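We call the chains A, B, C, D and E, going by the order they appear; numbering starts again at 1 in every chain.
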Amino acid sequence: GCGEDDDKETEAVEKLGDPEGEVSILAWPGYVEDGSNDPKVDWVTPFEEETGCQVTSKVYGTSDEALNLAKSGEYDVIAASGDLSLRLIASDEAQEINTDLVPNYANVYDFLKDTEWNTVDGKNYGVPHGYGANLLMFDKKRFDKAPTSWGAVFEEEQLKPNKGKVTAYDSPIYIADAALYLMKTQPDLGIENPYALDQEQLDAAVDLLKTQRAYVGEYWSDYLKEIQAFETGDSVVGTTWQVIKNNVKNPDVEVVLPDEGATAWNDTWMLSSQAKSPNCAYAWMDYILSPEANAQATEYFGEAPNSPQACDKTTDPKHCETFHAGDEAYAERLWFWRTPVKECLDGRTDVECTDYAAWTQAWTEIKG
Amino acid sequence: MNLSAPARRLLAALTFGVLALVYLPLLVVVANSVNANQSMTWPPSGLTLEWWRRAADSSGAREALLTSLQVAAVATCIALVLGTLLALALQRYSFFGKHTVNLLVILPIALPGVVTGIALNNGFRAIMGVDLSLWTIVVAHATFCIVTVFNNVQARLRRLGTSLEEASADLGAGVGTTFRLITLPQLRSALLAGGMLAFALSFDEIIVTTFTAGGGATTLPIWILNNMFRPNQAPVVNVVAVVLIVFSIVPVWLAQRLSSDLDAVR
Amino acid sequence: MSAPSTAPTRAPAPAEVRGPVARPASRLLHRWVWLRLVLLLSAPLAWMVLVYVVALTALLITALWSVNSLTSEIDRTWTLENFRTLVENEVYRNVTLRTVGVALAVTVIDVTIALPIAFYMAKVASPRMRRILVVAVLTPLWASYLVKVFAWRVVLSEGGLLEWSGIANPGYGLGAVVIAQSYIWLPYVILPIFAALDRVPDSLLEAAGDLGAPAGMVIRTIVLPLLVPGIVAGAIFSFSLTMGDYITVNIVGGTSQMLGNLVFLNAGAANNLPLAAAIAMIPIVVMIVLLTAIRRTGALENL
Amino acid sequence: MVPAIRLRGLVKHFAEVAAVDGIDLDIADGEFFSMLGPSGSGKTTVLRLIAGFETATAGTVELGGTDVTAAAPFERDVHTVFQDYALFPHMSVLDNVAYGLRVRGTGRTERRARAQEALETVRLGGFGTRRPHQLSGGQRQRVALARAIVLRPRVLLLDEPLGALDLKLREQMQVELKQLQRDLGITFVFVTHDQEEALTLSDRIAVFDTGRVRQLGTPQEIYEQPTSAYVAGFVGTTNLLDADTSERLLGVRAEHALRPERLRLTPADHAPARPDEVRLPAVVVERIYLGTGNRVHLRTDDGLDLVALEQATGSLDEADHRGEHVTVRFARADVVRLNTDGES
Amino acid sequence: MVPAIRLRGLVKHFAEVAAVDGIDLDIADGEFFSMLGPSGSGKTTVLRLIAGFETATAGTVELGGTDVTAAAPFERDVHTVFQDYALFPHMSVLDNVAYGLRVRGTGRTERRARAQEALETVRLGGFGTRRPHQLSGGQRQRVALARAIVLRPRVLLLDEPLGALDLKLREQMQVELKQLQRDLGITFVFVTHDQEEALTLSDRIAVFDTGRVRQLGTPQEIYEQPTSAYVAGFVGTTNLLDADTSERLLGVRAEHALRPERLRLTPADHAPARPDEVRLPAVVVERIYLGTGNRVHLRTDDGLDLVALEQATGSLDEADHRGEHVTVRFARADVVRLNTDGES
């Protein structure tokens, strides 16, 4: 079959049946740990014992890889970041979720519920996992004054002293970071949402990034690379995740949520429209939203849990504080990843926005 | 050859120098497998056996290793069969389109991995409509491994000539018997060499594998790639690499012994 | 001494040894050469065509399609849009040149390093040392590719092993990519050159020396010309493997991207398989042009 | 009696080359038959046609009265001893010899016993466990022989089996081969380009010339009554007398051949020739020491170049005889008249 | 006169094997010098020591009076014709021949002209554009020769250059080699294990035995006055008389050698022997036709096995003489006493 839609089910189920005995999960590394990599890191085995659903999982490195994998229809549950979720929904790969069948959904922070990256036309397509922000990390020895603005990586004046030691996230979605900065610093461009850029706005962001590129030492996509770079001093300023900062042994390295706010990600557990084991899939979604499992998974990965109950279960009592979990004010300043589409997300109808393909194209040109 | 002593010394120095350089990064790997600093920076900040302990407990690594061995073994077997058949056909017969077939065999290795990767990915899913799995990896690997076997067998056949086969037929052996008792044993060391290269190629392949691996099909390189993205796991990867190097010496040495013993017979 | 005068005393021969053995299948195979050829060729050819040729052709066709940006579904109307993008956008030209350049550099470096080593192994070292060296060259193949590249990241980092040991440090970037790739593919270049050298009889080198050629001249006029097939085999390996790589460049390439990244980005990330397919046509064309050129020289026959 | 091998109108073309160009031959049962001829004259090709490795372009091959022209090698009751022996390097000597029995399904014990017996026949009883590469050239050759004779073929084809051996070993093997053939009563078809070997061993010899048989006969016939200058020149050294010279010396206008050993050298004299002999005054141009005698190159006073063979019959004085004047004598009966068709 | 080559105390060990075990030799300028000996006796190794491909374990090599023991091959004014010819497969015949000149920086036109000239010398003028694999064995051998002589070396080393050729071609090449050597006046050091070749071509011969020179002398000396059973047996066929037999027949208790061609066969009679000869009654065991004569295997009545050579001096009757009773006669002067140290 050439990927015809015949076997896709996008409507939500009314009630659950018996578990099928197995479930196949597609997720970021560290989301589905069964102890095979480290016996102490295991929240899959309890699930399997509890529900009788045997878990097979595959991990992916980028959202884009995940999209391809998801389309194969082999996975029942997919952990999707905001730059993937809407694409899954648009291509009918996701099934609406009946949140009533996910008891632990009730605990979740309200600001993570029914967000625009998991809910379309009032239909909820997923339950939230943890979340985290793309922060600004810097080596304070290289700065007279700790930077508080993304200007540190976008303004030539500030970039110059760190030429060749600036780093940035290696993905088209990073264009949103530039757009966010422009939104705050150049209001006349009229950017309302960093994920809704018309051609002109995109061009401005691209220009900004091309300027930045001259000072970039390397782009990163796996965090081991960034940890290394900051420890050795190959990189001294750039975007980061909180968990990376936590792992950098160099005491001079600090992170800040800049004044402009930041882009961020919130991953969503989604149900495949081609799911072969929807009942086990629901069981998994409920399980992974349970305070114990959510605490383990988000703490292991290094992100904020999705419920106050989970915060109580973390092994590090300061975990939620470090990651600003449940801090609504903090969350207010975050622009969670979404997939840019032609139909402007900010509601504009007079222009056509640039879609992800255009962003990819732009990203190719930025890197040159 | 008759080289002056300084020239010999220079060559030796060069060879051992380069080999030393080749092993230097491997030393880094060894060092990092006991480096207390989990981000593997140089110089090591302290010694720890933590990663070795964790590697020993890592059933994921073990399973991935087994998967890789299986994939490589099956792919190598397929490549051995197909490569030998092709070499026999191309070396012993002349027919229309011979050059095209020759080019076709070289192509999978000559075309970049990403190309082969997406072509096969697209081919499997869109055209054949099969789900990616362990078997799709095997098929992909076998396809680009054929050439190593083919090359080795063809070179051997060229040197071998046909007189032994004629002698066998002369003594009354039929076509199949001759192949089984005479041709195949003569090809043994070539098959060993080609097979080993094919095995190594498949065992460590990641690019084509990424595109053709199904869910749950985690080969060692994929496991390693994943673990590089997983907190606190990266150093374990180094341990796995060290173990691989150490254990690979035995089969490499054996194969080398075996094939040179066989060659001596010739 | 004419015809044998004494009657031959033939030893009585057991019946089952005498005479031919009936083997209809063998007889058929013996008589029909084409049948043998068909039997030999059918399986491998079927495999290559079904698995590979079909996939490549499909890829070529896909390159002539486009993607519906909303549904991410492939739109099967013929268009040259993708190729126009490639031609009009100078970034693709730059990346192509960069990729070919890196692949060339890696190939030249590897061949340059491999030649003397292969020569030492095949013609200078004692048989015992030769075996040890072959093992020494083969062993690094088993340390995972990724691990080795990451090791280079450590070596090349600021304050890393290279700088730490006082040697200049190129840092991350294209230079680092060239170094890491040369490192990784070196064994694949040494082996065929070594095999080719092993087949060159010593007497040829001695004859050249005997005719008055100093070592350097012998190498230039005798060894190198005879090694061409081995060098070509090794060069094809290193060139194509480098050209298809996108992981090394991610790890030590700094800001650089190569063709592999673009294919990967579009196929995997942007889900724009048609554009990815079109980009993939670039290395395919490069390789096919190269292979055809090489075949003219006859070196492929000995690959 | 039905001939062991009968070739009729045998032709074999390779592309344009006619390697074998119409050969008719009957080889009798138990005969030691040699094919002699220069390189490229088609000897090997004829052998390969008999064995079945090549398919004839035209003509037929019969073995023991049965037409086998279309049969595969493994269907023919002939075995070949290859010039390079073609021993299987991955098998022990015993296994090599037992191979033919093995492919015929003979039981393990029996085939070992018989292989051992064949090895004893070639006096290699103790070498069964060695590998071929551990043997000397002569021993390998004998293994190849044992491998063929263990099957008791009616016909054995030998393609220059002694070509790769050094002189000493070769002479020794010649004797052994001849003995073996006599003892077993097998038909030998023996290819060589060593005329001495052919003369020494054969019952009959066929002299080949570019794909055809030029002369067929016993060694004596070939050596002493060559029918053409080609054969006379190829087999042994010969003095060719062209038609003019013959007319002058012998009074017969035709080409003649005269073997060097039939020439007598005596100190120069002017005695008249006896009626049954010819006498010519000559000068020694060169005298080459051969151990068993000397080869003497002469020029007669009327400008004829001749070669004579002097046997060492007593202690030779070592003086160089170049320039010495001698009389050359030979019996008229020793001059062989050649057919007029003899070219070359 | 300074010898072209002087070897003094030359020793070469390979691991434990003493391939060359103390050799002293002077080879004169312009001499045709042969090294004769069985396989593995060290001939090639000596040649390679002279050419400089091997480093001597002990001893010195002098060329034209200069010690070159430590010099590299390309520094020595000797050239080698290798047994396998070692032609460069990727060059044309002309380029092969011109290679030595090219290495010396001779201009393109000149070196082509001279290479062409050398090719003419070996009668291959028209073959310059071919590749080596397009030539026959004999032609390749001549190219190898041309490649060496184009440089006009003082010394040419030839390692069994004729080993791979067929008999006819070999004889032809022997004559050419000899002529070439005379014409050019080059010193030839010629390795062979064909005794006849050595006898025919050489000015002097060294017979090798396990790394040592067993006997050194002219062909006549070697053939007719062998000092040991080893040399007598290796060079030509010989009848060895052990000490007991010698005592009985000759009255001297020592080993003796007797060449087959020195034996005379006459019809059996019981005439008493002349004082300078020995007569023995014998039976013909086998008579093998050689063309130029017969090789006759005899057994004397007192149990001695002898080989005699009968030259064909007139038309032979073809009857088989096996079992015939004859008298064997030989001159006492023809029996050569061997040194007592002669083993084997």
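Going forward, a contact is a pair of C-beta atoms (placed from the backbone, for glycine too) under 8 Å apart; a residue touches a chain by one contact, two chains touch by 3 or more.
Owing to the predicted nature of the structure, the values given are computational and were not obtained by experimental measurement.
The minimum number of touch steps linking subunit A to subunit C comes to 1. Least-squares overlay of CA atoms from subunit D onto subunit E yields a rotation of 175° to the nearest 5. Inter-chain contacts peak for the pair B-C, counting C-beta pairs in contact. Centre-to-centre separation of subunit A and subunit E, using mean CA positions: 89 Å. Separation between the centroids of subunit B and subunit D, computed from CA atoms only, is 54 Å. Note on chain placement: the centre of subunit C and the centre of subunit E lie 51 Å apart, centres being C-alpha means.
Work out the mean CA point of subunit D and of subunit E, and you get 24 Å between them. Of all residues in subunit B, those that touch two or more other chains are 2, 4, 40-42, 121, 126, 169, 172, 174, 177, 225, 228, 234. Along subunit A, residues 3, 65, 68, 224, 228, 232 each make contact with two or more other chains.
For subunit C, residues that reach two or more other chains under the stated contact definition are 1-2, 20-21, 23, 26-27, 30, 150, 154, 157, 159-160, 206, 209, 267. If you check the complex, the residues on subunit E that touch subunit C are 51-53, 72-74, 78-80, 82, 84, 86-90, 99-100, 102-104, 147-148, 151, 287, 289, 318, 320. Contact residues of subunit E toward subunit D in the complex are 38-39, 136-137, 166-169, 193-196, 199-200, 218-220, 223-224, 234-237, 259-262, 288-293, 295, 309, 311-316, 318, 331, 333-334.
Note for the complex: subunit A touches subunit C at residues 3, 62-65, 67-68, 87, 90-92, 164, 170-172, 213, 216-219, 221, 224-225, 228-229, 232-234, 341-342, 355-357, 360-361, 363-365, 367-368. Within the complex formed with subunit B, the subunit C residues making contact are 20-21, 23, 25-27, 29-30, 33, 36-37, 40-41, 43-45, 47-48, 51-56, 58-59, 62, 113, 116-117, 119-121, 123-125, 131, 133-148, 150-152, 154-155, 157, 159-161, 164, 183, 186, 191-192, 195, 202, 205-206, 209, 215, 218, 233, 236-237, 240-241, 243-247, 259-260, 263-264, 267, 273, 276-277, 280, 283-284, 287, 291, 295, 300-303. The touching residues of subunit C, counted against subunit D in their complex, run 1-4, 6-11, 13, 16-21, 23, 26-27, 30-31.
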